[in-house]
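The structure is given below, and queries will be raised subsequently.
Chains: A, B, C and D, in written order; residue numbering restarts at 1 for each.
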C-alpha cells in the first residue's frame, strides 16, 4: 500500500475544506495554538514511516495519555481492575454524573475523566514513585527517552480543574478513591500535560497494533490478550459521545484528546496519529476525524 | 483452522459449567422453551459448515431481526436514515426514555426498541407491502425460502406490548413516527416473531462477513461500505448495556436477542450463531456469550 | 375587606403591563381564544361575590378539573389512594418520565398528567358510569346543573394525545393501570374538556375554603381532614414546575390549567378564580399569577 | 388552647409506638446520641412556653441552621438572591446532581446542600467576618447570647465532607461560587455544627410566626413580606424528598435536620420544635413527624 501517496491526497483534500470548529480554550495554554496546524503520521508494524504536514511538531496530547494509564493499570491489576471501573460506553455527557451516582461511584469506562481519575488512584497505590514510573513506562513503550510532563500546562489544568475536583470528591464519598484528593489530581493533571508529535504518538502506541509488543525492539509492553482488550475499549469508549460515529465512519480503535490529536490503530498493520486543533461539537478534532475517514476509505482498512 | 474441533471443545467445556440466568418470560410463548438447549453453528465465507448441539432447531430470534430491518432501511434511505436514528451506544437502560426526551424523539441507535420502531416506520413509508417485502429480502439474503413470521408469538408480543406502545406514541409526539401507531407496532411485533435455527442464522447474516455479498450465490445484499457500517453499529450497540463487555471478551460485531440467540461475524472469515435460552442480568444469553468468548480465544479471531 | 375595590385596582394595574406569554396551541381549539381576555371572581365563604372583567365568560378549565378527580378519588379510596400515586412535587418536567420509571410506574403526585390518568383509572374501576357520576359530583359541589363535557375539545385532545397515550401504556406496563387504555384516555380527555367561567369555578371549589362543605347549601363534599390535604397537595404540586414560585409570590393553595385559568383558596375566607389565556414559560397564566400576587399583597392574605 | 395537655398526650401516645428508623451516623459525633431521646417545645407569639420530655437538652440542629442562613442572605441580597438559587422543590435526591448540571449550577432551592453552600458563598462575599456576624444574627433573633459553633462536630463534618466538596467544586465550575472552596466549606461545616435545645429553637424561629418580628423584644429580624416568603420556601422545600408528605400530614411550614430535630411555625400563633434522633428513610425524624402530625390534628392548626 502506498501510504505516502494516500497521506498526501488526504492533506490536499482537507486543505480544500472549511476548517470548522473551535480550538479548546478551557485552559489558556491550549487556546494559544495555531488553529490551522495539520499533521499526520502513519507507522507500520514493520517500521515504515509516512507523514504529511506538521507531523513533527509537538502538541498537548491530553486525554490520549489515558491509553497509557489504562495499559499500565491493567498490567498491574489484571482483571481486578474492573471492580473499580467499567468497560461500557457512557451515553451522553449529560448523564455522566447521574450514572456515577446510580452506579455507586464506579465510572462506566476508563476514558471518562472519572475513570481516568480512578486509574490514577490505582497507580498511586501500586507504585512507589508513580509520576516517574509512568513516564518511564511511556518512554519504554515509545522507545523515546524524551517524553516529559509539561509543568506549565499541568498548573493551568489545576487552576481550572473544579469539575475534576468535584469528580474525585464525589467518588471518594463512595469509597472508590483511596488516596488523598490532591495527590490524585496532581498526578492526573500532569498526565494530561504531556506534549508529543504525531510521529512520537505512533511510536508510543504501535504496540497496540502489534499484539502488545513494541516491534522496534521486540519488547513486550502488555500481553496479546490485554492488548486486544484495550483496543476494544478504545473502539467503544475512545471518542466521548461520538464513539459510534467514529466506528461508523473510520472503523478503527482509537482515542482523541482536546488538544486536537487522535491516535488510532489497525491491528497487525499500523498506528496512525493526526493533529488538527479545531474540535467539533463533541470535542473531537474536526479535520482529524475527516482525515482518518479518508484514510480507511482510500485504503479499505476498517476493522469491520 | 479446525473449527469443528473448536466447537466440540466449547460444547464440552460449557457442559461442565452451571447454566446461570433466566429464560425470558415477558411473553408466555418464550417461557415455554427448554432452558438447557444449546446449539452453535459456524459458516465460513467459503461455504464450510461446522456445528454442535441443537444447531438445527429453530428458536425465536427476536431482536436479531433488527439487523435485517437496519440493512434494508439503510439500503433504501442511504445517509438520510441518520436524520431519524443515531449510531451511538445508549448507556444504561435506565436513561433510555429521558434520552429520547432530551434528544427530541430521535433514538440513539437502531437496535434500541425505539430505534427499531423508527426503522419499521421508515420501511412502512417506503414499501408498498412492507411485511411481505422484508420477508422476501430476508429470504434472498439467507438463500432460504422458508423464513416466516410466527403469528402466535406476534400476537403474544402484542398483548403485552405496553412499553413499545408507549415508545411509539412518545416518538409520534415528537413527529418521528409518520404512520399509524397500530400499523408500526403490528410490523414490529411480526418482525420479532421470526424463528430460525443457528444454521439458518449464519446463512442469513453471512453477507456481513463478506463485504455485503451473499457468497453462496454472489448476490449483493448491500454495498461493501454499508456492510462495514452495519458491523460497526453491531459492535457498539448490539448487546444492550453490555456492548463493551462483549467487545472486551469476544471482540466481534454481533447482535443478541432475548430468545437466547446471538449472531456474530468475523469480517472476511465467518458468521457464527449460538443459542442458549438462559439470559444473564443484562438480557444476553449467558452460555452464548461464554461460547463466543471461547471461540475467539481458541481461534485468536477477535477483530482487535 | 373591600374586595371589589381590590379587584378593580388589580384589573387597572394589569391593563398597564405588557401581556407577555403565549396562548396554548397544542390543540387547535385552545388556540382560537382571544388572548386579551381577562376575568377574575372572588367568592367568600359567607356568599359574597366580587368580580371584574370577563368573569362570566366560559373558558377551557383543562387541568383544573384534576382537583375534582382527586377529590372524588380520595373520597372513594381513602388512604389506599396513596398506594398508586404520591404527594410529592415532581421537580422539572424533564425528569418526569425517568422518575416514573425509577418509581415503578407510580406518579409522584395527582396533578401530573400521569397522576391524573391513574385517578381516571381508579374512578373507572370504582364507578358504574364514571363520566356521568363525576359530572354529577361536580354539579353538586358547584350547585350548578349546567356543567358539561365539551365533545369538540375532547376530540381535539384525543387527536393529538400521543404523550398521554404513551404515559398510560408505560404505566400499564408496570401494572398501575387496570382498565383498557382507550377507556382511561377517553375519560381523561373528557375531563380536560370542561368549560366554566371564573364565577362558576369559585363556586365549584368553595368547599376547599370551607373545610369540605359547600357553604351555599351546607352539603359536605369531603371531610375536613381530606379538604386540608387536598389543599396541601395543591400548594405543593398545583403549578407544574412553578409551585415554589407560586407559593413564594402568592402564598395560597391553587391549581392552574393551560386554558389560562387558575383557582386558589384562602382557607376560611374565600375561593378566587382568574383567567387570562397567555401562559408564561412554565405553562401558567402570566397575568393570572400577577393578579393573584397583587390580591394577596393588597389584602395580606397569604396563608404564610 | 391547652397546649400543655396536648403535648403531654402526644408524648404519651408516642411512647407506646415502636421507635422506627436509624440515627444518622455519617459523622461519628452524630451517632453517639441516645436514640430514645424525645423532647418537644411550643412557644406562642404571646410568650407562653409549653414543653415535654428532653426539651431543654441540646442536640445538633444541622440543616435547621439553613433557615437562618437564608434569612440573613435574603435580608442582604433582596430579590437578587434568586439569581443564584431557586425556590422550587427538587424532586428525588437521585436527580439532584443532574438537575444542577441541567440548570447550569443554580441549585433549585436554598435548603438543598448545594443551595445552602451558595448562601454561604453569598454571606462570605457580603460580610467582613461572616462566622461571627451570622452567630450574632442568630443570637439576636433568639434573644440568646449562648449560641455557638461546635468545633468538634464541624471538624467531623469536614473529615467526611467529600460530597459537599464535590458540590462546591461543581458549582464553581459553573461560576456560581465566588470565594475559595475551602473558605465556603469551613463556613458551611461550622453552621451545621450548632447545638440548641427545643426551647432555644422555638425562640430562634419565633419571628417566622410573627411576621418577621421577635415578639420578645419587638425587634424586627426581617420584613413581613420576606418572612412569609421564607415560610413558603420551608413549606415546599423543608423536608428533603418528603415535603409533600409533611405538608399533607402536618400542614405547617418547617425545616428538619439529620440530628433528629424539626422546627415548624403556625403563622400568627406559635413556633414548635421537636427532637427525636431516629430518622425515617427520607432522613426526617420519625417520631418528630408523628408528633407534629398529632399536634396539628389535635389542635386543628394546619395552615390549610
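Annotations for the structure displayed:
Keep this in mind: contacts are C-beta pairs under 8 Å (C-beta built on N, C-alpha and C of every residue); 3 or more make two chains touch, one makes a residue touch a chain.
Predicted model, so just to flag it, every value in this text is computed and none were measured.
Using the contact threshold fixed earlier, the set of chains in contact with both chain C and chain D is empty.
Distances between chain centres, each the mean of the C-alpha atoms, put D farthest from chain B. The geometric centre of chain B is 55 Å away from that of chain D, both derived from CA atoms.
Rounded to a whole number, the gap between the C-alpha centres of chain A and chain D is 47 angstrom.
The centroid of the Cα atoms in chain A and the matching centroid in chain B are 32 Å apart. Residues of chain B in contact with two or more other chains: 94-95, 98, 102. Partner chain B is touched in their complex by these residues of chain A: 86-92, 94-95, 98-99, 102, 108-109, 225, 227-229, 231-233, 235-237, 241-245, 247-248, 251, 253, 267, 297, 302-304.
In the complex of the two chains, the chain D residues touching chain A come out as 94-95, 97-98, 101-102, 162-163, 165-170, 172-173, 181.
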